[in-house]
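The same chain A turns up in both complexes below, where it pairs with chain B and then with chain C.
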Partner chain A sequence: MKTGAYRAVFGMRAKMELQYRGAVLGGVVCQVFFGLILVSLYRALYRSRPQALPQETVVSYVWLQQAFFRMLLSSDNDLADKIRTGDIAYDLCRPVDMYWFYYARIMAQKLVGSLLRGVPMLAFALLLPKGWGLMPPASPAALLCAAASLAMGLMCVSAMENITMGITMRTLDPRGIQALLNLLMTLMAGNVLPLTLFPDAWQRVLFLLPWTQMLDAPIRLYTGVRETAAAAGVLGVQILWTAVLMLLGTELWKRNRKKLVLQGG
Partner chain B sequence: MGPLRLYLKSTAMNMRIRMQYPLSFFMQTLAQLVMEGGEMLAVILIVDRFDTLDRWTGGDLYFFFGMMSVTFYLTEFLGRGVTGTFPSIVRSGQLDTLLLRPRGVLTQVLCSDADPRRIVCIAVGTAALCMGSAASHVRWTFLKALAMGEAILAGMMLILGLFLIEAVFCIFSVKSVELVNALTYGGRSACQYPVDIFPRPLKTLFTAAVPFALTLQMPAAFILDKPLFPWPEWTVFVCPLSGAAVFFVMAGVFHRALKRYRSTGS
Partner chain C sequence: MSYIEVRNLTKTFTVRKKKEKGRFFREKASVRALKDVSFDVEKGELVGYIGPNGAGKSTTVKILSGILTPDGGSVNVGGLVPWRDRKEHVRRVGVVFGQRTQLWWDVPIMDSFTLLKEIYRLRETDWKTRLDELVLRLDLEKLLSVPLRQMSLGQRMRAEVCGSLLHRPELLFLDEPTIGLDAVSKLALRDFLKEENRLNKTTVLLTTHDMEDVAALCSRVMVLGHGSKLFDGDLDELLSRYDTVRIITVRYDGDVSLPPLPEGCEVRREGDTLRVLYDPARVRTAELLALLQDAGAIRELTARMQDTDRLIAKMYQEMEL
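Coming up: the complex of A and B.
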């Protein structure tokens, strides 16, 4: 497989995502406001009943989830439109593998979109007083492991997004299935409620599901909820799931290619 | 045809429109259930882990969640024209047509859409209200039922009023301004929980500026027999009117903004 074309797609999409900086500012203000509301809530809960898990890890969990929100929830609207209008026919003519073409696009979109929002937000959260803001990483090693794990999470969530899109090619209407899968993802990835606050028995099961590989795993490594010594195991599960999702995705797209229904006329 | 009959007729029609694609409608409704069910699950898991939140018990928290959920999604169901479709009405230039017709613009916008998918969210909210009422052993009286009815109506007007802020921005900027939504959706997320648990700036914001505390939470706390503020009992019936006030003020601003409206052109 020649990778040049995919790298070019990645670069182009990244540049495009850099264009809308005004929208980014609005998004950051929104997410910070939501972050402050959630942090206030968890502080009040801890005031009523302290837990074994330190409060600052929950607060940091909230900030990291808010900062990388865009990595979880952003889809390729161009592709959804192409499926709806039938323009996807043109993509079939391109001399590239469609799966990796769109994989590169969505990865660039998620990476640049979340970095643009995440970096200023995390800088802000680091400046907040202790107990309100983001805690420093548990150790320098923890930061490194978390960064590696976040990169793996990005690959995993991009593979998941391509599966959602693959299913959309079958249902042809993006609204229902996409919303369903995305909302399920926000819940299971820890965006609605930090997964560290789920019942302990649930957490052991959730840890093995694909959704926890995206943001929950890196956040746990950063905050030290999972020891750095366990990082190899965490990364292993992440790599395993990413590979499984990619296999499922490429197979789904290959089959779609044979029985794709083109809309429009 | 009077505005009310017109509204009822169009809402019935809009609901039939939405259900023309049954499978898609079913999937979208299921997505709504996952969303609101997830929010509800979060509250249940919080109660499971923390038991209480300051002076509020788990049952109280379900009740507050239910109040917000029922009110917010009733508004999105019946007032979808204002809460959802207005930006596209402006962008497509359809607003020009509305200005020509011999009916109020706000009436026509409200008539333009209804969103029956939200029924599942309202059902989740109702379930939360029942759970909360049972767990907190609420003794229902006529006065409490009255307070609840007033709270929901006033809350719906407050939420419509907040969405009208976005509509006014939209008339001038053509593009929808998501930033304004932060207040509406932020208010929903925050005021699922009693406002007195929040630090003073947030408490003031949601009492004085965006009065969810006055319209929804004072009556809810009254029903739970745990007054939110140390004020006399009759204030429970007067304060929710602030929600209606927000709506009427914003409706006035909306109509003034329309006078300045310059079509989007083509």
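Coming up: the complex of A and C.
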């Protein structure tokens, strides 16, 4: 497969993301605010009833979740609008594979969108006093593993969102499925409550679900909750889920093409 | 063998009907968008494809451009089946949907053109030459660094057309390309399309409701109604079938009462202006003029044909569309 077109659409979507600087600023302010609220909440919790997990680990979990929030939520409204209005007709008559064309686009938006917000936020969180801010990685090796795992998480979450888009082609309105998946996503990926605070039995099940592969896995490696020695296993489950979601997605898009109806004349 | 061969094409869509009272499940109904449509188009032809809304025009275009798969029938475009050999086929095809946009809304159009270069895997030099040519011919020079969202509809349509032609398609589908454009933009676009057809031998299939577009561009026209082809041939021939009315508008000095006119004439009075509608096959124009002249001193007189939209409306009516 020649990748020029896919790389180009990736670049284009990334460039578009860079145009919305106001949104980036707004996002950072909003996420910092949420971060501080959540951190205060956990500090209060720890003061009254200390948990087994160190406080700075939970606080770091919160900051990393907030920093990469953009990566989790499905937010490429342009793409959903295209499907809703039928502008997708143009993309359908291009000599490209639709699944990967949109995959590249979704990934660019998630990557650039979350880096633009995440980097200044993490810098801010690192400067906060101990117990309030982000702790440094467990070890240099942990940082490397976490970075690899984050990259894999990005691929996994993009595959998940491309399935949402494939479903949108059938329901013609992204709101229902996006609302449902975003709810599942924020809960199961640990954005509402750090998964490390869930009961152990629950965690064992959650580990095997796709949502933990996206952001929870890299954060565990960063904070050292999962040792670097276990990194291969963590990455293995991530790769497995990414492959499964990609397979489901390509099959869905293939079927969509066969029974396609386009909106609006 | 013709360049485009369409044989017995059928396509049915399933739609869900509103439920009747007391029913929980919706009923499904099928709409036959195309029933048994066949035609040939030769290379370099400029064909108009008309019909009322919902006739199946867009469905045909979507099948020919490889987007939709038909239920039955066969299509061959230059040796390829659009939906089966999709990627290879669409490389030679350009599409302009007048009501949709292919260029990116928030970035300068030049970036969209660069993306198209990658999508069609064009060679840098080929792309550059073609882009320069199109930019010149479509007068886009000053707009290249402007985002699409800041453009007027006319500018946008020129940019869309440029985008659709960058990869030098040998077959071009135009779906209502002049919709919403002002007179100047319309004329410019028509001239451009005519030139493109002449210079590059591009085969063009034009779907439109604007009969002026068809008259200006196409010598051949196909009429589609209720999913079937109703006419295929010369535009003038089509019009002459329904073009049975002439209109004489006349204004006199002062009030005038007309003598009885021959049977088949219809007179409409609007203020001091009289409009006489007649069929020249039944009433001789010279005779009618003589009668009008005898009635009083004529200040002003014009004779004209019925406008094309009326003819088409009449045609659709007679075809029971």
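Everything below uses one rule, namely that the second predicted complex is superposed on the first by the 264 of 265 C-alpha atoms of A that agree within 3 Å, B and C clash if a C-alpha of one lies under 4 Å from a C-alpha of the other, contacts with A are read in each partner's own complex, and residues count from 1 in each chain.
Just so we're on the same page, a contact is a pair of C-beta atoms (placed from the backbone, for glycine too) under 8 Å apart; a residue touches a chain by one contact, two chains touch by 3 or more.
Everything numeric in this text was worked out from a predicted model, so none of it was measured.
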| item | value |
| --- | --- |
| Contacts of A:197 with chain B and chain C, given as first, second, both or neither | first |
| Partner chain in contact with A:187 - chain B first, chain C second, else both or neither | first |
| Contacts of A:12 with chain B and chain C, given as first, second, both or neither | second |
| Partner chain(s) touched by A:144 [first = chain B, second = chain C, both, neither] | neither |
| First (chain B), second (chain C), both or neither touched by A:258 | second |
| Contacting residues of chain A [partner chain B, same complex] | 26-27, 29-30, 33-34, 36-38, 40-41, 44-45, 47-49, 51, 171, 173, 175-177, 179-180, 183-184, 186-187, 192-193, 197-199 |
| Touching residues (chain side chain A, partner chain C) in the complex | 2, 4-5, 7-9, 12, 15-16, 19, 78, 85-87, 89-90, 92-96, 257-258, 260-262, 264-265 |
| Contacting residues of chain C [partner chain A, same complex] | 13, 53, 58, 62, 65-69, 86-88, 90-91, 93, 95, 97, 99-102, 104-107, 111-112, 114-115, 117-121 |
| Chain A-touching residues of chain B, taken from the complex the two chains share | 21, 23-24, 26-28, 30-31, 34-35, 38-39, 41-42, 45-46, 48-54, 177-179, 181-182, 186, 189-190, 193, 197-199, 202 |
